[in-house]
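Below are structures written as structure tokens.
After this come two complexes, each holding chain A, first together with chain B and then together with chain C.
The block that comes next holds the complex of A and B.
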């Protein structure tokens, strides 16, 4: 039986299994730590930095930090929340995110986080980068304007033999997600829908009729992101 | 050396526009131009986007009648997904869309008549601008303002129930609709607590017409002589000639009522309509090709629809149409101020249609979407509150838009509005040495009759600063 350890998140005593990641431990104790690049069941990456907490006085990503006995964690504090807001704003300004016409609106995690942190306008100037819409694939369309480079598609969408459908290409500010050409021929409709679901934003669109889910019935239309963890009524 | 008078902005219209009047040495108005000063660029920046985004994306060019753009785009992409050309959707889809559309017509016409136009009619063209607005209307005629607000609300609630949102909804999707009407929604509209039910809305529409008739009797000369000129009129009509605001064939008549465009398939509109670009406005000037630029311009909107339709298929509105026709001797009406009358007939028609639709069980259940063989081009037309609205898209093999053409209702009225401005200006400014606020409002009254939507959500209420600029211009 795994060892149970005690950690303190925002002053609340929490019990969890030793070695668990802080993110998981917090969730089991009803404490929401926001994520974007994290996807349940996929090895964490810690790339988006939104889950950053102060652990024993140092900034650490909750999705990649294993808990240990007596850990003191600052999560929902003014300092941490301000930093998270800044990260979300950076995502908005370095892409072209036009929520009003995006088919992911209401189901989008980035949009939901912006609402949660009450972002009305970013503090940084919009970069309005020139990005491509790649529509040549038979099952999906990739809109790079919306991609936040979380790598969830690369890590989560694989075939039966564990080969990834997606990959990164180029470097630095030119980096982008592509769908492997040969793998794309194997992609069926269900896999395309799975890829669309894994994408936290509207960058991967399965080729189908969008907007089939009416407004009011989308994931975050009724309850804000994190409310399933916090059990907000 | 002449002078140039600028009215900027034009108030109590949707969007931003200005008027320039060129005054000659004798003090007469030589030329009048109604400029649309906003540039939108939608036709260009939708290129590359997936076609299924169009109903949701393109409606963003307007905050006043987005439903019209939403549905016109949806009709165009219906063709692309092989779902037919407008009347081949599932009964549920077509009726839900019609309900959405009539809700839009109802609220938009109510907004225009009560909020934008009625202050001129009730308080006078040259009344104090502080009083010539809907807030003063609410003070002076509380009952009228109360009805105005609730009629708008009723239409907006219909839109909410069908499109998912009051503004910029997502209800219409390629090949159909994404929801049914719930029994609770239907019952609320049909049998809700008074005054919020459809029977009351029909009654209020009749009362508004009665209000207009009383006004008309007292101000007949004003309405008949204020601005009138012969025009061609264009609109969709149902195949049997009935007024149909959602779908039909394209018909145009001349000022005498002769058919000059005989019920043609609107999917081939480009065979009959051309657009001219003039350097001083971002709004194009459409015209009927066979008549040429000089004679081919036309009017759209309520007056055009009343003039082109053979009949209205709802009894109360048909009775009003007969009254309208007999007033004008069975000929098309060329009196621009009677557009208000035509608009009120359409409010009544929309309310009657809403009631018929609400009583239809197809709204509550049934198949929502239909698809067929993919096409690479789609055209969607409907009658928006302000007139005929054209959406035309071409896609590539990857479902991306490669070409878009939008001819919005107000664009169709461009030449007619310019003519109206010139006629009023020549009369009002003749021999006047000093330009008053009332004189500039007189120009705006003529423009307002067309209820132009100069682009999106800018909505000027009451007194706005009207800058009148005298500039010497070389001749």
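The block that comes next holds the complex of A and C.
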């Protein structure tokens, strides 16, 4: 049987299995740590840094940090939340997020995080980068204006043999997601919907369907992101 | 009774939706009128500032030289300047042209667009009286200092009400989750 260890998150004593990731341990104890690049059931990547906590005084990403006995974690503090807000604001100015026109609005994790922290406007200047909307695939459209480069699509959307449908190309600020040409021919409607769901923002959209849920009934219209976690006590 | 706060409002590169949303505070308008007085605003059609104002509400971003001029005038004339709505905050829908060269936008609108039928002489408006279009649509904060922002497209009437109430009374206010939106 796995060893049970004790960690302290914002002063609250939490019990969890040794070696579990801090994010998971917190969730099991009804504590929400915000995430963006993390996707349940897929190996964590630790790229967006939203889940950063102070672990024994050092900044660590909760989705990639295994817990250990006696860890002292700061999560929901003014200092950490301010840093998380800054990261969210950077995402907004680095892309082109026209929420009023976006198919994902109301169901978008980036937007939901901004709502959670009630970010009225980013503190940084908008960059308005020139990005492409790629409509050359038969099942999906990729809008690079909204991509947050979380790599969830690359990591999670695979065929029966474990081959990824998506990949990154180029580097640095020119990096972008592409759908493999040959794999795109294999992509059916269900796979397209799965890809749309895996994408935290509105960068991957399945064709032939959009704006199906009325305003007021979308995922984050009434309840903040993380309220499902905070409910388990 | 305390002196009334003076409010001015304007619509730059916006659609007047934010002003419409302000009217959606419905009967609370009567409470508002008790504590504020409107100066330059399309609501009362006062065209020129007649005094220094306490609060300026800006709808829309800057897409042309006139928008920039009016916005600077508001900054000079108002103690507190509030960006109201997505267009004022980040350019909004007009800023969707920012990825397209200006000439291409104009050609599409006046010459090549599939709905362009009447422009037989193939002219593009160029009267010197017309404001000059900017290369991009800019958020208000790129032109002047903005003190507060009220998001939404348009902002929820309850959010406008709560913010205005807080600004007028100077009391901090809780914003309910479900009225704070970007769409």
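Here is the rule we use: the second predicted complex is superposed on the first by the 231 of 233 C-alpha atoms of A that agree within 3 Å, B and C clash if a C-alpha of one lies under 4 Å from a C-alpha of the other, contacts with A are read in each partner's own complex, and residues count from 1 in each chain.
FYI, a residue touches a chain if its C-beta (ideal position, glycine included) is under 8 Å from a C-beta of that chain, and two chains touch if they have at least 3 such contacts.
From a predicted model like this one, the values you see are computed outputs, not experimental measurements.
Trainee: When the two structures are overlaid on chain A, which partner does A:210 contact: first (chain B), second (chain C), both, or neither?
Mentor: First partner only.
Trainee: Looking at A:101, would you say it contacts chain B, chain C, both, or neither? Reply first, second, both or neither.
Mentor: Both partners.
Trainee: Please tell me which partner, chain B or chain C, touches more residues of chain A.
Mentor: Counting residues of chain A touched by each partner, the higher count goes to C.
Trainee: Quick one: is A:111 in contact with chain B, with chain C, with both, or with neither? Answer first, second, both or neither.
Mentor: second
Trainee: What is the contact status of A:136 with respect to chain B (first) and chain C (second): first, second, both, or neither?
Mentor: The first partner, chain B, only.
Trainee: Show me the chain A residues, by the header's touch rule, that chain B contacts in one structure and chain C contacts in the other.
Mentor: Shared contact residues on chain A (touching chain B in one complex, chain C in the other): 100-101, 215.
Trainee: Any idea which chain B residues touch chain A in the complex?
Mentor: 48-50, 52-53, 55-57, 60, 81, 163-165, 168-171, 173-175, 178-179, 369, 371, 398-400
Trainee: For a test of understanding, state which residues of chain A touch chain C in their complex under the given definition.
Mentor: So the residues of chain A touching chain C come out as 92, 96-102, 105-106, 111, 114-115, 118, 120-122, 125-126, 128, 130-131, 145, 215, 221-224.
Trainee: Please give the residue numbers of chain C that touch chain A in the complex, ascending.
Mentor: So the residues of chain C in touch with chain A come to 83, 86, 89-93, 95-96, 98-99, 136, 139, 141-142, 146, 148-151, 153, 175, 177-178, 180-183.
Trainee: State the interface residues of chain A toward chain B in the complex, per the touch definition above.
Mentor: On the chain A side, the touching residues are 100-101, 103, 133, 135-136, 141, 205, 207, 209-216.
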